[in-house]
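Next up: some structures, all given as structure tokens.
Each of the next two complexes has chain A plus one other chain: chain B in the first, chain C in the second.
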Partner chain A sequence: MSILREKGMGIINIIVILLMLSVLSFVFKDNHFFKFTERLLVGVSAGYGFLIIFNAGFIKKIWIPLFYSTGTNNFFQVMNIILPCLLGLLFFTSFSKKYGFLAKYPLAFLLGTGAGVEIGPRIETSIMRQINSSVVDFSNLSLFEIFNYIIILIAIVTTMYYFLFIVRGNKKRENFIANIGIFFMMIGFGASFGYTIMGRLSLLIEVVDMFRERIFSIFGLL
Partner chain B sequence: MFNNAYIFADSNGIIKSGRGESLLFFIFVLILFTLSYLLKIKHLPTRKLSGIEAIEEAIGRSTEMGSPILYVAGLKPVPAVSAIAGINVLGKIAEVAANYGTPIISPHNNSITMISAREEIKSGFLRAGNPELINSSKIFYITDSQFPYAASINSLTNEVKPGAIFYMGTFYAESLILTEHGQSTGAIQIAGTDSVAQIPFFITSCDYLLMGEELFTASAYIKKDLNSLKGVLMQDIAKIGIILYIIIRLLSKNL
Partner chain C sequence: MKIKKEVIYFLLLLVIILPLIFGISFKIKPTEPVINFFQEINSLKKGSFIVVTISFDPSTKAELLPMLDALTYHLFKNDIIPVYMNPLNANVTNLGYLSIKKIARKMKKKENSDYYYLGFVPGDKSALQDMGEDFYSVYKKTFDGKDLENFNIFKNIQKISDFSLLIDLADGNSTLDLLTYINTKYGVPMASGVTAVMASEYYPYLNSGQLLGLLGGLRGAAEYETLLDMSAKARRGMSAQTFAHILIFILIIIGNYEYFKGKRHGNN
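Now for the complex of A and B:
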């Protein structure tokens, strides 16, 4: 049994190495090996995604509550499941030329409710919390920290100024303030770029390490 | 269960820190909303957004090359504000493309976003008076997964060699994979995103970028109707209000 498992692992390692090499071959040129791996990846992920959605969405949220659960005896509870289903089914009318317009109703519902639901928390997280963390009590800070904070405050004000679209004109003085904002943004973006590249390099090191380990395991060196 | 019902105060009726500000903000937005209706402005000058102005140039170039246009939607599906803003820009792209008779290819990672894109492209082509050029099969779904989606778009870019590529919406780690490859094919690339972490990658590899709020404002810029522009004006006033509020609170805390 263990020999079979070892052989199986060996075959899996060979497949993994070949797939990794064919993906990396895209660095030089587009080729059939890359295309095969890409389509394999897309196909597997689409199939896997379908199964996940079918199981988590249809089976767990519709089928089981409607036919097997004892908690959905109430008419309103049943309607809570049936009505969204009917709304969702309207998407399929887009296949018909005559009734295709019906697909716009669930879409309008999703757009309206989605935007409404998302905007509320955004005010809290993107505006109120940012404002609160921008206001600092100087009494507990050292001179250097106060200086640091003043620079951050200038960055906040000038960056927000850059994102004025109508109030801000195209005059030289106004552009000067906006340019300070751009300067601060570029520093932030540069730092973010460097940080992400570091992250990507560590990913590459991990892949190379995995590659080495799998090759060694095939030849029995590990 | 009912704890969430206390919006500005906890169960003892004590106002929580930050909640009073939410109320203040809500009143401020209400005032701005009323003001936008009362203001009788006939013309609002806007500053230039190069990303919007370059749309026509990019599609024109694509037409000259005889290549299609590629529209790549972000990973967040349509109820997300960034996706809706992206779809609004797509309407303008479709209208210009229909005028030039250039086909649009648009792969998607979400079925709802795909349907929205189809509807917007149809509307754009109808507005331009070229409904016979609509080809819904070119607006298709690939997969929900992030990297297979990116790999598939790269492969598609290689096959069709688009003259212009638009990236609109929220992107994550796949942003550089997409744009770097798009740049290697020589296409004009215009991006619009609210993903702060991905903006550096778009700056380095795209020709034009609508960053953050520029993407959300783009639809008002495109429509150019007075009501939408009034909304942008109120946003500007809100931002100035926030700047003043921070400064006043800072002074009151430290003086």
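Now for the complex of A and C:
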């Protein structure tokens, strides 16, 4: 059994290595091996995702409660499952010219409830608390922290100035303030770009490391 | 001077392969967001319940799986009981589960007593909202099909605010969603581990105290491993990362030198 398992792992390792090489071959030129692997990845990911969502969403939340659960015998509990399903099914009417307008109802429901639920907490999280954290009491802070907060204040004011007032002015003073805003934005973009390079390199490192591990395990070096 | 792209790719591959083969490693100095993350977990009492949401795809496992491994190791070491779930990402279900199981086996921790894995539930943000009101309206069973009601330990938990901490490992907007629906609305303290690309986006939430700690990309994972005194994937990867950065620096300098040289000769 263990020999079979080892052989199986060996075959899987070889398949993984071939697929990795097919993807990396794109570095030189687009080719059929790359296209095959790309489609395979998309197909497998979509299939796996569908299966998980179908099982967790349809089977566990609709099929089992409706047909196998003893707890769902109340009329309201049944309707609580059936009505959202019917609303969801209306999305499929968009394929019909005659009844396509019905798809707007679930869409409106989704957008309406989504906006209603989201706007309040989102404003609190991303605006109010951020404003609160920008307004600080200097009395308990060290000199370095005060200096830091002053820089943050300058960055906020000049960057907002750039977005809100730059269209109006040609005056030198206005451009000077906007330029400081641009300077701070460039620092932000630079940091994001640096992090992006780091992220992409991490992916490459993972691929190379996995490649190394698979080859070593084929030759029994791991 | 013209350098062919194949040469650049080859050099990049070389500077990544060599440190990995020869096991070269550098000293990594942990930064404040990572230290805060680490201390936040250390400050939890033994037996505390925390939620770990795994919100990344296999495509970003290079950065986030080392974080999950190190975090799991830390939680098990401190006897904290993590409840893992992935309500915002279906595709990571098995990846996360297998990785946690592997560490649990090594550290002799039992599923459904020392840790719980609840898996994916559909519903996205509405599922998060519901967890704030009634945890069991969203999750009734563990990933392996056991009823949560049967576990005594879950009797103290009715809603998400009964957990001591929420940690999100994310490659998308899930951290912001959890901040909005769980942290802001129900006051659950929160820390996060994100991909490098997203890290700068979340620093304002760290400064405002909404996030108690932040791990950013492979570097964040490597710093965390340093604090845990473990040498795993992230630290090994960071040495390759350092060499790759040096190569990129050199290529940028060469590129700029050639650009300005060409400009001086009137050739763009």
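Just so we're on the same page, the second predicted complex is superposed on the first by the 206 of 222 C-alpha atoms of A that agree within 3 Å, B and C clash if a C-alpha of one lies under 4 Å from a C-alpha of the other, contacts with A are read in each partner's own complex, and residues count from 1 in each chain.
Note that a contact is a pair of C-beta atoms (placed from the backbone, for glycine too) under 8 Å apart; a residue touches a chain by one contact, two chains touch by 3 or more.
Here the structure is a predicted model, which is why all the values come from computation and not from measurement.
*Asks:* Looking at chain A, which partner touches more of its residues: chain C or chain B?
*Replies:* Between chain B and chain C, the winner on chain A residue contacts is B.
*Asks:* For A:G57, is the partner it touches chain B (first), chain C (second), both, or none of the two (neither)?
*Replies:* The answer is second: A:G57 touches chain C but not chain B.
*Asks:* Thinking of the overlay built on chain A, is A:S133 touched by chain B (first), by chain C (second), by both, or by neither?
*Replies:* After superposing on A, A:S133 lies in contact with chain C but is clear of chain B.
*Asks:* Which holds for A:T125: it touches chain B only (first), chain C only (second), both, or neither?
*Replies:* After superposing on A, A:T125 lies in contact with chain C but is clear of chain B.
*Asks:* In the overlaid three-chain picture, which partner chain does A:S45 touch, first (chain B) or second (chain C), both, or neither?
*Replies:* A:S45 sits against chain B and chain C alike.
*Asks:* So, does A:V208 touch the first partner chain B, the second partner chain C, both, or neither?
*Replies:* Second partner only.
*Asks:* If we overlay the two complexes on their shared chain A, which of chain B and chain C does A:L143 touch? Say first, second, both or neither.
*Replies:* After superposition on chain A, A:L143 lies in contact with neither partner.
*Asks:* With the two complexes superposed on chain A, say which partner A:K35 touches: chain B (first), chain C (second), both, or neither.
*Replies:* In the superposition, A:K35 contacts chain B only.
*Asks:* Of all the chain A residues, which ones make contact with chain B and with chain C?
*Replies:* Looking at chain A, the two contact sets intersect at 45, 48-49, 114, 117-118, 122, 124, 129, 132, 192, 196.
*Asks:* Mind listing the chain A positions that touch chain C in their complex?
*Replies:* 27-28, 45, 48-49, 52-53, 56-57, 61, 114, 117-118, 121-122, 124-126, 129-130, 132-133, 152, 188, 191-192, 195-199, 201-209, 212
*Asks:* Considering only the defined contacts, which chain C positions touch chain A in the complex?
*Replies:* 5-6, 9, 12-13, 16-17, 20-21, 59-63, 90-91, 93, 119-122, 125-126, 129, 176, 179-181, 183-185, 195-201, 204, 207-210, 216-219, 233, 236-237, 240-241, 244-245, 248
*Asks:* Chain B touches which residues of chain A in the complex?
*Replies:* 23, 26, 30, 34-35, 38, 41-42, 44-46, 48-49, 91, 94, 103-104, 107, 110-111, 113-115, 117-119, 122-124, 127-129, 131-132, 134-139, 153, 156-157, 160-161, 163-170, 189-190, 192-193, 196
*Asks:* So in the complex, the part of chain B that touches chain A is made up of which residues?
*Replies:* 18, 21-22, 25, 44-49, 78-81, 84, 111-112, 115-116, 118-119, 142-145, 147-149, 151-152, 154-155, 158, 196-197, 199-201, 203-204, 212-214, 217, 229, 232-233, 235-237, 239-240, 242-243, 245-247, 249-250, 253-254
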